[in-house]
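Before anything else, here's the structure in question.
For clarity, chains are labelled A, B, C, D and E in written order, and residue numbers in each chain start from 1.
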Amino acid sequence: MLLKENIPISYLFGQIKTQIFWLTIYSTSVYLMHTFLNFEDVSIPIAIPSILGTIISLLLAFRSNQAYDRWWEARILWGRIVNDSRSFARQVISFIDNSYDESDKSDMKKRMINRQIAWCHSLSQHLRGLNAHKAYKDYVSIEEANGLNNVDHVPLNLMDQHANDLRLLLRLGWINEYQQVKMDETLSKFSDSMGGCERIKNTVFPMTYSVYIHFLVILFVLILPFGLIEFFGVFQIPLVVAISSSFFLIEKMAIHLQDPFENKPSDTPTTAISKTIEKNLKELLKECMENSEIQNSNLPISNKSLAFYIL
Amino acid sequence: MLLKENIPISYLFGQIKTQIFWLTIYSTSVYLMHTFLNFEDVSIPIAIPSILGTIISLLLAFRSNQAYDRWWEARILWGRIVNDSRSFARQVISFIDNSYDESDKSDMKKRMINRQIAWCHSLSQHLRGLNAHKAYKDYVSIEEANGLNNVDHVPLNLMDQHANDLRLLLRLGWINEYQQVKMDETLSKFSDSMGGCERIKNTVFPMTYSVYIHFLVILFVLILPFGLIEFFGVFQIPLVVAISSSFFLIEKMAIHLQDPFENKPSDTPTTAISKTIEKNLKELLKECMENSEIQNSNLPISNKSLAFYIL
Amino acid sequence: MLLKENIPISYLFGQIKTQIFWLTIYSTSVYLMHTFLNFEDVSIPIAIPSILGTIISLLLAFRSNQAYDRWWEARILWGRIVNDSRSFARQVISFIDNSYDESDKSDMKKRMINRQIAWCHSLSQHLRGLNAHKAYKDYVSIEEANGLNNVDHVPLNLMDQHANDLRLLLRLGWINEYQQVKMDETLSKFSDSMGGCERIKNTVFPMTYSVYIHFLVILFVLILPFGLIEFFGVFQIPLVVAISSSFFLIEKMAIHLQDPFENKPSDTPTTAISKTIEKNLKELLKECMENSEIQNSNLPISNKSLAFYIL
Amino acid sequence: MLLKENIPISYLFGQIKTQIFWLTIYSTSVYLMHTFLNFEDVSIPIAIPSILGTIISLLLAFRSNQAYDRWWEARILWGRIVNDSRSFARQVISFIDNSYDESDKSDMKKRMINRQIAWCHSLSQHLRGLNAHKAYKDYVSIEEANGLNNVDHVPLNLMDQHANDLRLLLRLGWINEYQQVKMDETLSKFSDSMGGCERIKNTVFPMTYSVYIHFLVILFVLILPFGLIEFFGVFQIPLVVAISSSFFLIEKMAIHLQDPFENKPSDTPTTAISKTIEKNLKELLKECMENSEIQNSNLPISNKSLAFYIL
Amino acid sequence: MLLKENIPISYLFGQIKTQIFWLTIYSTSVYLMHTFLNFEDVSIPIAIPSILGTIISLLLAFRSNQAYDRWWEARILWGRIVNDSRSFARQVISFIDNSYDESDKSDMKKRMINRQIAWCHSLSQHLRGLNAHKAYKDYVSIEEANGLNNVDHVPLNLMDQHANDLRLLLRLGWINEYQQVKMDETLSKFSDSMGGCERIKNTVFPMTYSVYIHFLVILFVLILPFGLIEFFGVFQIPLVVAISSSFFLIEKMAIHLQDPFENKPSDTPTTAISKTIEKNLKELLKECMENSEIQNSNLPISNKSLAFYIL
């Protein structure tokens, strides 16, 4: 998760401390060689490293753009999971009407909304390559948890349980045919978001491009001190370290952003988002339970009392 | 809100007045040192700051592009809220038919359209981190307002009230099953827009990138006077201030644009948009009430009179 | 409207004739000062204006990209209005079946299709800030026109009239419930396109960015003659005018493109598009009327004759 | 159509042979003047044309990007026409069930699928500005062809015929109400694709941008020989021709790509795509006819035999 | 397939070994000529190749961006195939209810899910230009396989078989009318993904652009040694090879990425994705079969026992 508070400058430079160390050694050596061994000839025109620098920054800008797009797409997908989870809960609560007959539908509503929370948590674990089986225990019944024990793809099977419940609801007459199809549409949206995350997780960013840029950055770093030494003398050392660090930093950032499900600080905050979903859904459920009690105590509601209720 | 009238040049430069102050001090010092202390050697080839400038402007252009995309997406999301609010009002007015039976449906229509206005205002407050509970008081009934008092996420619960009303409408037979599902689809769109805004609000722009660019800009500013002093002498001072200010300005703009819900002048104008929605929806409601009175006075309308009415 | 024929070179340069005038004066003055007053020292290395030029062209390219995107989005929205108007007319014609009972539905079809034409024309006027009330007079009945007289947002109210007619059609049994919902979906699409255009119209392009670029362009123009004078002498004057004009031109173009509903030649051609829609819809309506007459004369059509008709 | 085989190098350079001719004349003249007339002074620093070159390549890259986007969008729209035509044929074949009653529905299926092929061919002609009336003769009945004779917008009217057939199918009871609405949705997709192509066809790429770039390219070409002559002597001539040709070539390519419906080799291959659609749809129709014969010979099929059939 | 493990540096450079060979020969010759034949005059200012380098890297960056977009779009399309295959399987399992009557619907479910697996495998083969007829043998019945023997476009016909089964299901009453239309929508999504892949496969990247860039890269390589020789002497040879290789590498990468269905290592991993789909779908089917057995043994389930089951 990327929060303003938890990325201090020291953290940023900590990411490339090895590179900073070797850069200092290298540029100091060049300075010493130039000054004490009279290797005057090694100085090269500044035009060469600077052109290389322009090319690299152009390529790095494009690359970090694409890495940013992957990261932002991952965030959008989880944003959709939030939206669709709320919509699904709203549909569960409002489509299943408490008053068709006298049976209490609250347990069913609770079961489906809790399973949706379980789905979010287990997808989060699944994407990070962790054990997804731990994530649903608190939210589904023991029987359902047992049925999932030997399953390979937990979130996919939870979706299937949702679909089974929809069939059951239709058979019981608690939802109508249009509502089943509509809620199945919401399940398809979950399937799309889940598949989108898996696509980002499993598709490696083209290696050729990364290797090529890394290769150019190193070439640039090796040449840079010779281009600056003529004008800056000993001040060449901090300048080389500063400019090279920038390139290494931005390269590092692109590598972090391009894989947003790898347990790193720049990850999509799937755990925090899942908790937000849990909080929102539980609030909706609580409201629904309270209303349900009121309505149940008033049953049966005639058309007239309904008309009164809306005024 | 960004309006042509309220962003004078003075405002723009006011944003970076601290930077302008220090830039003037710094470049004047360099000039004085160079002229009176004969620090002739400090002059460096213009190629070095100019290359740095090209790299920075490339990176800044990309960054302001991404900041602009966030800002524009926020605007698009609120544009969708306008569109969907109008569509929702149209559906409330035209799906609930006044003439199925003799009861008056105007109160229900009014209630739902007013709640939609309340939703817009409270979402606006919610996104800016202000108290969303103040926003709905004028638009919902006292009972409904009391029910929302202890609620954490106001707009989410208002949506849920909409969904409850749709269930009620279906049970009363005032809308049919397809209409319920269709209006629920509109609620899902509101959920998507709301979640999209929250995503932009809660997702910090990658800090590494910002820090890296800021770091390069400062490096550039420190080097610039030494590159210009040879050719411009005392005119170096205004030039340094002008060029550096440009970079600071565009960096500032990117920072403003990337977070469009922070009570700043470059924000998405959520309050103004909510007021436009209120105005539009009230006009539609007024038209509807007038038509309704005419129709109610003509009741019952036979098929024949309807056929006459359309000619 | 941007047509190949109506943008001659003279028009293009006419846009920036003031700038060309002052540029000529300024660069001539520099030349005269340099030659006759022996201000030899004012010459500066070409590197400085050229780097500034690269930075500006990078920023201008990004800016015109974003302006182009706004302009192209406006065009796409009006393209959607064309598509949806045709689809709406097709639905009006084919969903309302002439043969359910013996009443003639042609007047209703005509009324709705004409109202759609009225909507296009009045939206066009509304977006350009002109009086939208003039636009619908020729297309709707006198009663409907009177009802719209005091209305603030004409296109929004016309959409509402469409929705009212759909309710009427459903009540008359001339369309079924799925068809009402489907046609209401088309109305929502109109609402989206209308809202999208209003968003582009009402959202000012970030001023900071524009002001910053304009500021850099002027800085560049002021410096340019001093950079070129050493190599080109008197030829410096046309070169300065040519290069500076390019930057002013492209800046001007971006300003025109970014606001596509302002009664300028580069506007989205909403009037021409509305006329195309009118032509297309009237052709469809004419075909429909002719077919309708044939079918009415054949009434009643038995299943058998229908089967014959399709062979 | 852009195929690997039919764009040899000679073709590419054939596009700009006039420019190559004049470039050779011009750079040779500069060389001769410089060498024999001792116009030594005309040499200018390489920095000037090179900076101009960088600016132009930046603008050209953006412009060819936008031209590429138009070309690619045109291709995507025709890709959608392929997809939707296949989906429409699938719906015609599978929604109209042969066994509701004993009448043979094959002729109706054939008629609609053939009309879809006619639509593709006539849209292709319509977009290229050719006579669209020739395109449908082979695919629709003589009566329908006669009805289309005086029609202005052929593809639009063919869509309307589709919609009329859908109404007929619903009235005959050969499709149900949901199927009509679903197939009408497919017709709306055709309307969207058609309108999208017309939008690209009718919207001129902003002339200002094109004229401005062309103007800069010519300025660059005029200056280039003076920048190179000092270092390359007679070799300046091929270098000038090579570098300038590149700019002219990429500008030419952008002009070709930005208008993909103009009977040029870089066009969207609408004729070839229409033929592919024809081939696919006829294969589906043939399969359907064969199955239909088998099923018809087995009629009536009891539930039991159906159950048997699926095993 | 692009995996981190299988792209070692040696592989990357293996791609351009011919170019590396000739680059070494060429730059060595220039070095030898310069040193031993005293061709001092051949040295040219570094500005010329470096400007050419900047222009090329700008164009290459744009080109690899567009190639990357094609590659990423292909990946997204196959991601959608994964999502929609799972959704389709979920619909097959949950829409077809085992308990409407006593017949066993498991065979039908198995048949449709297996055909979906067959579709994925055969589409994968079809896109790579391989024999698609081999791919479905293991998944469909012998009768269906025979029916497909003479078919040209295998995946298209498999989709048609799906549609036929949906009609059969509707006729048998195993799904309702909304469910048929919804599942047909999923088939349309498959049609869109398939058509999207074929579009990428069949649309050649604009040749002009590629040829132009290749031409500039070669020009750059020919000039580069003359620009570096003055400063680097014999070190010019590795520098020329390194810089030129970078351009060739990135050009190669763009060529690979732009055609993602050509049996190359950078291809979209359609075979692996198809296997994942097979694994997921078989797991869902297995779960369904187990549940089905449990439910069948409990038949008939009264409303009461269902109510019990959900608690």
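Operating definition for what follows: contacts are C-beta pairs under 8 Å (C-beta built on N, C-alpha and C of every residue); 3 or more make two chains touch, one makes a residue touch a chain.
In UniProt terms the chains read A, B, C, D, E = Bestrophin.
Keep in mind that what you see is a predicted model, and the values were worked out from it rather than measured.
Touch-path distance (fewest steps) from chain C to chain D is 1.
The two sequence copies chain A and chain E touch through a face in which the numbers common to both fall below half of the numbers used overall. Rounded to the nearest 5, the angle that brings the Cα atoms of chain A onto chain C is 145°. Chain A and chain B, compared by their mean Cα positions, are separated by 23 Å. Averaged C-alpha coordinates put the centre of chain C at 37 Å from the centre of chain E.
Annotation for chain A: residues touching 2 or more other chains are 47, 54, 58, 178. The touch graph of these protein chains is a ring, one cycle where each chain has exactly two neighbours.
Beginning the circuit at chain D and passing next to chain E, one meets the chains round the ring in the sequence D, E, A, B, C.
Touching chain D in their complex are the following residues of chain E: 44-45, 47-48, 51, 54-55, 58-59, 62, 66, 103, 107-108, 111, 147, 151-153, 156-157, 159-160, 163-168, 170-172, 177-178, 180-181, 184-185, 187-188, 191-192, 194-196, 198-199, 203-204, 206-209, 211-212, 215-216, 219.
Residues 2-4, 7, 9, 12, 46-47, 50, 53-54, 57-58, 61, 64-65, 68, 71, 75-76, 79-80, 82-84, 86-87, 90-91, 93-95, 97, 99, 176, 178-179, 182, 186, 228, 231-232, 242-243, 246, 249-250, 252-253, 256-257, 266, 279-280, 283-284, 287-288, 291, 303, 306-307, 309-311 of chain B touch chain C in their complex.
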